[in-house]
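Listed after this line are the structures, all set down as structure tokens.
There are two complexes below, and they share chain A, which is joined by chain B in the first and by chain C in the second.
Moving on, here comes the complex of A and B:
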């Protein structure tokens, strides 16, 4: 508690100090250079090399997932079950590469909350199945739907028992309907966002590329704000900090891990951080497009001895190493391998500061979101 | 940057200039809200400060409900009407002032019914730990902050609805519709004789009473800090909060000071010219703050943080309702109703809020207040 609040206060302090300094930064060389730089090629690469293909991949995965759901519900058997279970994880890994793109159409369609609100409410899901009332459109349904709800329905018990739930159980038909509705909802929403980016659809790509500058509502303003907020709230807190007890006076909360029922939290977190790194770098170290990395690099901002752009890249690797060093499933590691999990948390915390404070300041972008601690 | 009050300011400057050329009495405009007659202050607004303090006690007591304690309806209603010595401050108990009888009569029932429900829900939460759900009043956490708020079955946070409700239905209502009205500061109001046992004329005092509801220090905004802890609340705080983007502190303060100086100089034209500036800027603060909280709400909706969403929506609801107190409001009553009853969920049921609804509400506000358009994402 005290450690957490001190860090938080410190961080808020640093952030506010940076915000206060902002007006004076406006005339700094970094800023002028950033403004004189044509953002167009960067935005095009980010859209074409990462965002649009990533959304397409997830849409394809969600369509595959829907097919497997249909096969399984038409004929629940060990083989259709295994196939479904594997496809669900594939889709989940694909999701990890786009969940953090929380701006533009994804923001408008509240994609993240609809697809990946965890922990899911298994009790409420059972009540909905018994009553046969399926409503997936309201904000109160976030924790009863999406991938975590599917994780519960498919991985919530041993294979045999799950198959029984979909065959011999008195509510088997309702359960099938619920699972089918979940799969449909994921396809519909990922399709909406994918369409919104496409040229034939909403052409948000055009808007994105044309929305230059460093204002809060500009494309870079949106990307940096959403990235920073996501790293803070969902990468650091939701995936690691909250299960570890950082928000509950040190009391761990195993059930709040991502992918609780599949026990795949670490693999999911690893996919997620890999996705973030690819988004940042747009490719491999030797061959990459002009993305956030190059944009930060163009400011020549430094971080200690190295360039800030490289320091952030290294920190993604550092976070990845620390997360992958956790051996046990996260719900156990938070108690049995506390130090390893805590080190991963520390690495992510450093990444948050580098993005929220250093990157935003180097790019002259105001962090406009607020955490929940204000009045 | 274009600001909506520029025309008013221009008008005021014109009056200012005219007052010299037309040989009306010259107006000495001081830099602070301090005026004297025969060597002692002629400014007095203790009654307004008392009511601000009353709201602070009411709000603190309501907050006990958020902390899981049982709060009593009888005490809440007494704090609202200053009955049975409800305040910790003896001075407030004996002040003879209250919030209820200064509330816009159209809003009294709304506030009292929320006070009664706040008590009921606090009991339910304390006894059964009832959690808020669609159609169910109860407790809900804001994000993972550990901060719990009690809300109605529509997700309305009691503390915010009552605090912002009183700010609009008492403080703004009194400034706009009472003290800046013809009956209190019109040209026919007595500005010659001093009130019994006082050092001010009725018109001077009425102007001070409007100023008192704003709640800023007399040297605003030049103090260090601009607002000390005693003044960092209600409209003073929200005005200052929007100043960086909209530049409101100084023009609003100047309008109050100029109006008061004009009253001393018996210059009715200059005094009257300040009224639309004051009302317009106060209204702009409410509108800009509403946009600010709508932005926060969009963010919480996107992150799926229902507790924080309800908190900021409750704030936004109160500020939009407060706009309705303005006699000159640029946002039509029809638009206000549509935001509150439709954009903010079906019949204001926050559980049915959508991103489209929030965009529609924001759009109505930035159309009605064009100066907000440029800063709509930064607010």
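Moving on, here comes the complex of A and C:
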């Protein structure tokens, strides 16, 4: 065979391959969106039916919370206190529905660590109040700020004593400043993330919807990876496993529960899992948009006798049932109702396995944060 | 018989195809290494991890301090350049083989068939007499245009083996009858314009599976015959470019396309080199002669025999190969299965009767965790690593059990290993791992 003829073949080969497949690398504008496997409609619904409204709700709650903080600090009284305490819990419940969206703008602005690092360092907070040096912008201040720090300042003692701390205490003025700064910080950060998603702001919605595929860094890759990582480190470990002593040689750590001062861990965990389930399903089982559930369903992946999509949904319910079955406040339940808490842990463990193994396998998503050679 | 073989092996053939191979191989390796460094993988894969999964029998291969690791990659890049340009050829080839293989042996997390292929080829290159041809400046001493056919046949046979064994590995019910795992992987490309809409079609997964198997099994032969070579090379380009566009497959497609030029006629290669200012490719016929030819032939023959036999060692183990992975590596099983897993390590201290859990994320990088969670030998290694860690913390009586869920080809996950066994008391060896639970669908 002559040099020329092989060269011709080589060029023809490359040209054919390029013609056949190269257009795939260029994004086309008028792509069909009717196909069940096209991610476009799923991504739009997830953004419009869940993520964007959930961020706005939390922003609203944090603005209400700031108002209550202002009323309370201007005039600390039993009535402004009660109102503030209730608004704080409302905001906390709203937070539970967005905290796990740990990707995109929320990841860039480290929203989770800024708003909900628990356990909070109550001693460091007291030292900061006494010295009057309030700096919430350092990485080392994650455990002195956000909702857990507010929980400590507002629910850290009986109502009367707390009101006293904000009126008659020698450091009352500093304490007010600290509380006001906390509220301001929460509003600022949730506003940043909410803005980043909006069309007039960063329009991350546009980026999110356009970023198709399942590779590292694609929207589905980001969602599934952040979800499974969050379930592992924050749903299973931080909320149940760590208090139960699963990560500390079997020795329980009551003070590490979420919402320690309001004794509301179970209600918080329950609204967190409910949020996860709504994010997965988008709405109620009879009326919902096209979410992760539907995308998993479109792959027709099975889980034993049932569909994987349904099996995961059922596991969210199972986890919810097991968590809500815990009667006592979690800091007591970990020793007095060990078996119930352990069952909740097992249910969450199964949820971790299902997202990390079955779900990512069915979607062909690389559970990895690093690009790599494959073969 | 022996004399026929001797005649075949020592028959003089043109050195030109091997010079093309040498230059392309060196160039591709240089690109791969620079790509590896610029992507930050030296840090990510070798400096950042706290623990490395060494190969059985190669536990003594340890990672070096960060600066030296970068130095190793620097030397590797220079050696690749040396291979390409023909500078101190044999030294360059040997240095490249040693540095590359050293890096690969540090951690089996990053095992890839194409890395293994590079190691094998680099070792072969060390023994090939390709050092007399260099760019720009003719070398002093004897130069030659022809070499014994052995040196051309060996790399061709190895490339043939890679394809053929990759094809044999595809002859299994999952691949052929169920189109697994391609029916899981292809829909992930549905976002691609033009070809995207058909990626979810089941017939396409079957077409790709069957075409892939037939391609792998036949391509070495089609490349050998003069009449089919042109079409075969066309298929090589189409096949590897498709895999490059559809899967995260790195430099492998280009290495294979470049390697298949070895099958072209020497006339083609000579025409190619006549286009370049290469000074020392002689036009008159001079034949390379070595008085060690016989012993070299014997050595390379033994090496080839090992290459032929090694992929069959899985037959010595009971159970499903994809599940146990006993004899899976170094056998050209390329992109054969979708496997994912999650491992929970249960620690019990009989002294205090307390129990707790350890997860891979506490100590491993995501890439390491992903590989460890599905491969029994790595799970055992990690259990022993944990045992040492706990001993350092003063907990020397702990028992370590693993609850590992693995999903194979999209099936619901099952337990991979017996969760009742204390892994810290089990030693790894070449025997059958009885602590792996049997596969069930």
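The rule we apply is simple: the second predicted complex is superposed on the first by the 332 of 375 C-alpha atoms of A that agree within 3 Å, B and C clash if a C-alpha of one lies under 4 Å from a C-alpha of the other, contacts with A are read in each partner's own complex, and residues count from 1 in each chain.
Heads up, the rule we're going with is that a residue touches a chain if its C-beta (ideal position, glycine included) is under 8 Å from a C-beta of that chain, and two chains touch if they have at least 3 such contacts.
Note that the coordinates shown come from a computational prediction; the quantities given were computed from them, not determined experimentally.
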### Query
Where does A:247 make contact in the superposed view: on chain B (first), on chain C (second), on both, or on neither?
both
### Query
Between chain B (first) and chain C (second), which does A:329 come into contact with in this model arrangement: first, second, both, or neither?
neither
### Message
With both complexes superposed on chain A, which partner does A:291 reach: first (chain B), second (chain C), both or neither?
### Response
neither
### Message
In the overlaid three-chain picture, which partner chain does A:156 touch, first (chain B) or second (chain C), both, or neither?
### Response
neither
### Task
Check whether A:99 is in contact with chain B, with chain C, with both or with neither, and answer first, second, both or neither.
neither
### Message
Let me test your reading of the model: by the given contact rule, A:215 touches which partner, first (chain B), second (chain C), both or neither?
### Response
both
### Message
With both complexes overlaid on chain A, does A:76 touch chain B (first), chain C (second), both or neither?
### Response
neither
### Message
According to the stated criteria, A:259 is in contact with first (chain B), second (chain C), both, or neither; which is it?
### Response
neither
### Message
So in the superposed three-chain picture, is A:109 touching just chain B, just chain C, both, or none of them (first/second/both/neither)?
### Response
first
### Query
Which parts of chain A are in contact with chain B and also with chain C?
215, 233, 247, 366, 368-373
### Summary
So, in the complex, the side of chain A touching chain B is made of residues 102, 107-110, 112-113, 117, 138-140, 142, 215-217, 221, 229, 233-234, 237, 242, 247, 366, 368-373
### Query
Okay, in this complex, where on chain A does chain C touch?
1-3, 5-6, 9-10, 12-14, 16-18, 20-28, 31-32, 35-39, 212-215, 232-233, 241, 245-251, 299, 301-304, 308, 311, 349, 352-353, 356-358, 360-375
### Summary
Within their complex, chain C touches chain A through residues 39, 41, 44, 110, 112-115, 184-185, 187-197, 199-200, 226, 229-230, 233-234, 236-238, 241-242, 245-252, 264-265, 267-268, 271-272, 334-335, 338-342, 344, 347, 349, 352, 354-357, 359, 361, 365-367, 370, 395, 405-407, 410, 412-413
### Message
So in the complex, the part of chain B that touches chain A is made up of which residues?
### Response
133-134, 142-147, 295-296, 298-299, 301-309, 351-353, 355, 359, 376-378
